[in-house]
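Here is the structure we will look at, set down as structure tokens.
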Amino acid sequence: TLQYHIQCRPGDVASIAIVPGDQGRVPKFVQHLERVREVANNRGLISYTGLYHGVPVTVTSTGMGGPSAAIVYEELANLGVRVLIRVGSVAGLQPEVAEGENVIPYACIRDDGATAYYVPENYPAVASPRVFQALTTAAEEAAFTFHTGINWSHSAFYHRNPEYYQRWARKRVVSMEMEAAALFVIAALRGVEAGFIGTCYANRAEQSRGDAVDLSVESPQREVIQEGVERSIIIALNAAESLGTRL
Amino acid sequence: TLQYHIQCRPGDVASIAIVPGDQGRVPKFVQHLERVREVANNRGLISYTGLYHGVPVTVTSTGMGGPSAAIVYEELANLGVRVLIRVGSVAGLQPEVAEGENVIPYACIRDDGATAYYVPENYPAVASPRVFQALTTAAEEAAFTFHTGINWSHSAFYHRNPEYYQRWARKRVVSMEMEAAALFVIAALRGVEAGFIGTCYANRAEQSRGDAVDLSVESPQREVIQEGVERSIIIALNAAESLGTRL
Amino acid sequence: TLQYHIQCRPGDVASIAIVPGDQGRVPKFVQHLERVREVANNRGLISYTGLYHGVPVTVTSTGMGGPSAAIVYEELANLGVRVLIRVGSVAGLQPEVAEGENVIPYACIRDDGATAYYVPENYPAVASPRVFQALTTAAEEAAFTFHTGINWSHSAFYHRNPEYYQRWARKRVVSMEMEAAALFVIAALRGVEAGFIGTCYANRAEQSRGDAVDLSVESPQREVIQEGVERSIIIALNAAESLGTRL
Amino acid sequence: TLQYHIQCRPGDVASIAIVPGDQGRVPKFVQHLERVREVANNRGLISYTGLYHGVPVTVTSTGMGGPSAAIVYEELANLGVRVLIRVGSVAGLQPEVAEGENVIPYACIRDDGATAYYVPENYPAVASPRVFQALTTAAEEAAFTFHTGINWSHSAFYHRNPEYYQRWARKRVVSMEMEAAALFVIAALRGVEAGFIGTCYANRAEQSRGDAVDLSVESPQREVIQEGVERSIIIALNAAESLGTRL
Amino acid sequence: TLQYHIQCRPGDVASIAIVPGDQGRVPKFVQHLERVREVANNRGLISYTGLYHGVPVTVTSTGMGGPSAAIVYEELANLGVRVLIRVGSVAGLQPEVAEGENVIPYACIRDDGATAYYVPENYPAVASPRVFQALTTAAEEAAFTFHTGINWSHSAFYHRNPEYYQRWARKRVVSMEMEAAALFVIAALRGVEAGFIGTCYANRAEQSRGDAVDLSVESPQREVIQEGVERSIIIALNAAESLGTRL
Amino acid sequence: TLQYHIQCRPGDVASIAIVPGDQGRVPKFVQHLERVREVANNRGLISYTGLYHGVPVTVTSTGMGGPSAAIVYEELANLGVRVLIRVGSVAGLQPEVAEGENVIPYACIRDDGATAYYVPENYPAVASPRVFQALTTAAEEAAFTFHTGINWSHSAFYHRNPEYYQRWARKRVVSMEMEAAALFVIAALRGVEAGFIGTCYANRAEQSRGDAVDLSVESPQREVIQEGVERSIIIALNAAESLGTRL
């Protein structure tokens, strides 16, 4: 049946969906697809379905934050999607994670704001090993470097307490963003496989070293960011292709 | 300075901002404004500024869920906005709240997914009495009926346990939606005044009476809904006008 | 039936009850009432019922702390009371709240020690807008100044950690006391309307500025305090009158 | 210095204080004392100091609930009191605890509403072994029977969910009341010794067996209750005497 | 029936069991017993049953930590054991608790890692008064000095934050170890009586005074420790004897 | 320096350690090693170091439960161990997990009783992808079938509430045991890589289907179990070999 928020119906979506947060990134995927069509566009949730190297793929934007993204993940699962790959932005939490670099986390700290209402917080937000491996293999085959580790999905972008960031930086956490933990938890509960690749746009560990947090972010149009985003798109699509041929 | 997500600058926005969740509702406000211009459009966060009966008003969409909306509320406060009025959708939790009817809550249960990271959950999510009164007075002056009471802001739209809904219905809670508690809490912490008016699109207390929840929602294009939305827009704009003349 | 703690029966109490914490303040109300009688006196819970400007009003003392006050609020609700107005003491948490000044809060932080056992702590402790407005209107009509904002109801009068007080002072919280949150929560759950007016006897934000908290309180018999208390009594009674004529 | 709530000064109180909740029970103690004087009477907190068999003893009422009683316990400790013995009422939670019978618990479940703000809830509310033993020995020497075990100190007298009571009845908890846990925790933190003896006025396990809770309580003036109360007073005073001769 | 972990059967164990954590201490008990036999030895859980001054006593090692010890306490209760006495090691948290000295706590802070899954953390971990008294009486009769007070049972031996230790040292807590809280809680829930005597092997309050914690422990073979352990064994066995003759 | 509990010193252990819970399983590993020696044996924590196909490997038993095992994991990390592989027992939570079958989980629900004191419970307990892959590859290369998924590490073996088990069985959780979550969390915090392979000895989902839980476990000496254990040992050793050649 028609899904209320994404306004898609069975048949509109492929078995593999790529789920960026930002609707502005959807066209960057579309240009790699063939026989592609806009399926729906409602509340900033835009869906296209097409073929990547012959494998059917849907791209749907999720909006920001766990509660918004959870709605999209759930509605795609309702329609039979079996693999979800998030492509998004992260802030680095370790000194070696520089702007424009890619991160492929295998698990998340759950401060996503949505999944605590599904299962207690001690349930792990973990990528499907098969999707994680497809992403890292795709990166390696393209000779793209990347970071891996545990990512922190949080819900308070404008938190102004330096310790909010430093406490996780001290615990070896590699990066932070807002939507991956909800992806991993909801996917696991629904029996869907999920993975995530991010591009670093700032380093919050550096920005929170002093008495106040510098929450500024430079333009995402910088070339170093755009190149990282493009790499993440290629990696995600190639991973989708390899997974799709095995579904 | 330029706000990262809403892409607005000081001077782009009025002292009073109306913040619907759905970007699709922004044009419904714009048609009531004069000398109106699109200020920015980024990630589904669309801003227009214009005059309503001579009072400067900005309309900015927030996306769905507390974490997304919190970003917008914070960035508007950063730019000097002093009054925030949310216009959105609610599901009824009492039998008397029918589809298309309006609700003007004065406080919220905090399951918004964002503000627990700002202040402990026992801090109240409460409307500014002055904005609440402006909204109810505007409704009364227009001879529009409305419900009031405590609203529940939650973050798990697809929760499938009937008790999730019934426990609050039994406690006299009038309605539920996803973004108002974040509005009330962040506004209070930032020294901004805030209020909320919603339009009912479904009754979750009725839909969760049995062993399973019926989460279906009929088309929001139904006339009864569209009329309620239009009333909420008039109420919000008239409240903004009355508040704006006193700022 | 006979209420166990307050020892009142149906018919003993009016539809509007004023509920001070301190039994010593009951006589200050009584002297404003006509045709007044002592209804009961048990465990320091003293009840009088009489007429104020022709409107029936009951005054019942609650004792200190949420658990004690909750018993009284519940038993009055059992007897059919429809409006509860607390008149009490507060400590200021903002520099502008001076001794003897009045505060009319519209919501509370819930550390009252009782209501967490009724509903989760994210449910708001909020005054009834109608009673809040009756109180502020009564104050304005009498040309009495007052503060408003969010109040903190706590349960550990002798907490000796300065940060216990400062953390809320930093969050714009206007005042603190011990019984209002229980009033607001229990009233909302019982379908009763409630409001609160306090008189400042000390400023805990000032007293907790250093490494240790100064918990001393000067005599409540000071003239500045007694004048504030008398104003709060007049405001509460006038609000009761205006509400009573509409019941 | 003068204590704000109990209005006592150093020298006004003995090293051993008996702390009933109900001010109405203070005279029952006073009639056993010699050279006794009323020390203070404020907010329902009434203090007398006198001699019992030559040992100085103070009796101070605490009001109902942990937050009120905590204030009294703290102020007595401020004045140098070294032993606190609560004498109060309990509801039975085991079938064998009948009306009028005495209970001397050695530890409490902490739902007292006050001490969670002092120390985390996993800190035990436990009687001082020396005071517990003085009470049980006094009872045995008087040939008075009594129950012992773990008591539940709660804060929501009017809780209407049967499971609220049954869950602890199933766990062998002997009785419930409202002020003993705060006594045990505050005493331990202040380096004071404390014990408690209660008299049963109702059996909540029996009253909550069905779908609804019967919260009624028959008159505390019944003879069976008055006899139990008188026994508890004798036991407490004899325990105070034996402890006082060793201080 | 055969207990899965301790591999004992009904008839294998006495009504009184002594439960040291360290299997290496079992032989120290055995040498005091007559007609003693090894009952079982599985997973480091070793059981002997014999006679002490004619009273049947079982000694069973529990392993380290609440979850391991809880299994042993439960299986012994399944077999009909009615008294459990733990003999173990503690670290001191007050300056006066020196290495080799004995501690007989009457209650514990519950960070044992197991019992929070049985009952909420505000349920007290408390020794049975009768067993506590048997232990202190045995110590006094042997003219052995000891400390008493509230003990902290924790689960993170290698915690490296000084405040982890200091916060409880400041609250008058006498000692810390890992298995006593689980003993007290499970015993109370099962209707078994329990007590604990420990020997101090280090002082964590002293070791955590600076910016980092010194978690080193000198050899437990030191004479001062061995003497303390031997005293604790004598006390426990004598207490068992006195309790056993009354069962 | 000498580690207090495992009694090992630097040089005693290899870079890869296999950590079974049960000391009784250590000999089963030892028989596969060459040039092997017993390094230490204290409190049931037994360590052997030898060569497996030329790769140095240590085997150390951990005892039962998170708090006990955490001590061993920490002490091995203190000595420079870089890979930890747990080999243990699990109960199945899905119908398809039969006795004797192997499970290789990639993440755990954290009810381990120890790690909540290190990091908040929303931090994921996740296997190192590299060790997880080494284990699954070793299983596949040996043509051994296995289950994978999310495992639940709990701390209350004798929990008697069926819902305690069923709530996770309904959430697709594959298995349960007591020590893997502590392994994953402590390893991640220490910068060590970790994995886990278990053998099923019972199916708790089946045993908790009715009104009561059947907690019985048949003899672990059954052939079907012994064969599963032997397979898990081969898989762990082969994974260690493949990881060791890359260190």
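When the chains are written out, they are named A, B, C, D, E and F in that same order, and each has its own residue count from 1.
Criterion: contacts are C-beta pairs under 8 Å (C-beta built on N, C-alpha and C of every residue); 3 or more make two chains touch, one makes a residue touch a chain.
No experiment lies behind these values; they were computed from the predicted model shown.
The set of chains touching subunit D and also touching subunit E is empty. Most remote chain with respect to subunit D, judged by CA-atom centres, is A. More than half of the contact pairs at C-D come back, by residue number, in A-B, the repeat among A-B, D-E or B-C. Here E-F and B-C are compared, and the pair linked by more C-beta contacts is E-F. Its C-alpha atoms fitted onto subunit F, subunit B is found rotated by 120°, rounded in steps of 5.
With centres defined as mean CA coordinates, subunit F is found 27 Å away from subunit E.
Taking the mean of the C-alpha atoms as each chain's centre, subunit A and subunit F sit 31 Å apart. Taken residue by residue, subunit A touches two or more other chains at 111, whereas all remaining positions touch fewer. Think of the chains as beads on a loop: from subunit B toward subunit C, the beads read B, C, D, E, F, A. Residues of subunit E touching subunit D in their complex: 106-111, 116, 119-126, 129, 132-133, 136, 148, 150, 171-172, 188-189, 191. On subunit C, the positions that touch subunit D within their shared complex are 1, 4-5, 21-24, 42-44, 61, 63-68, 70-71, 74, 111-115, 117-118, 154-159, 164, 178, 216-217.
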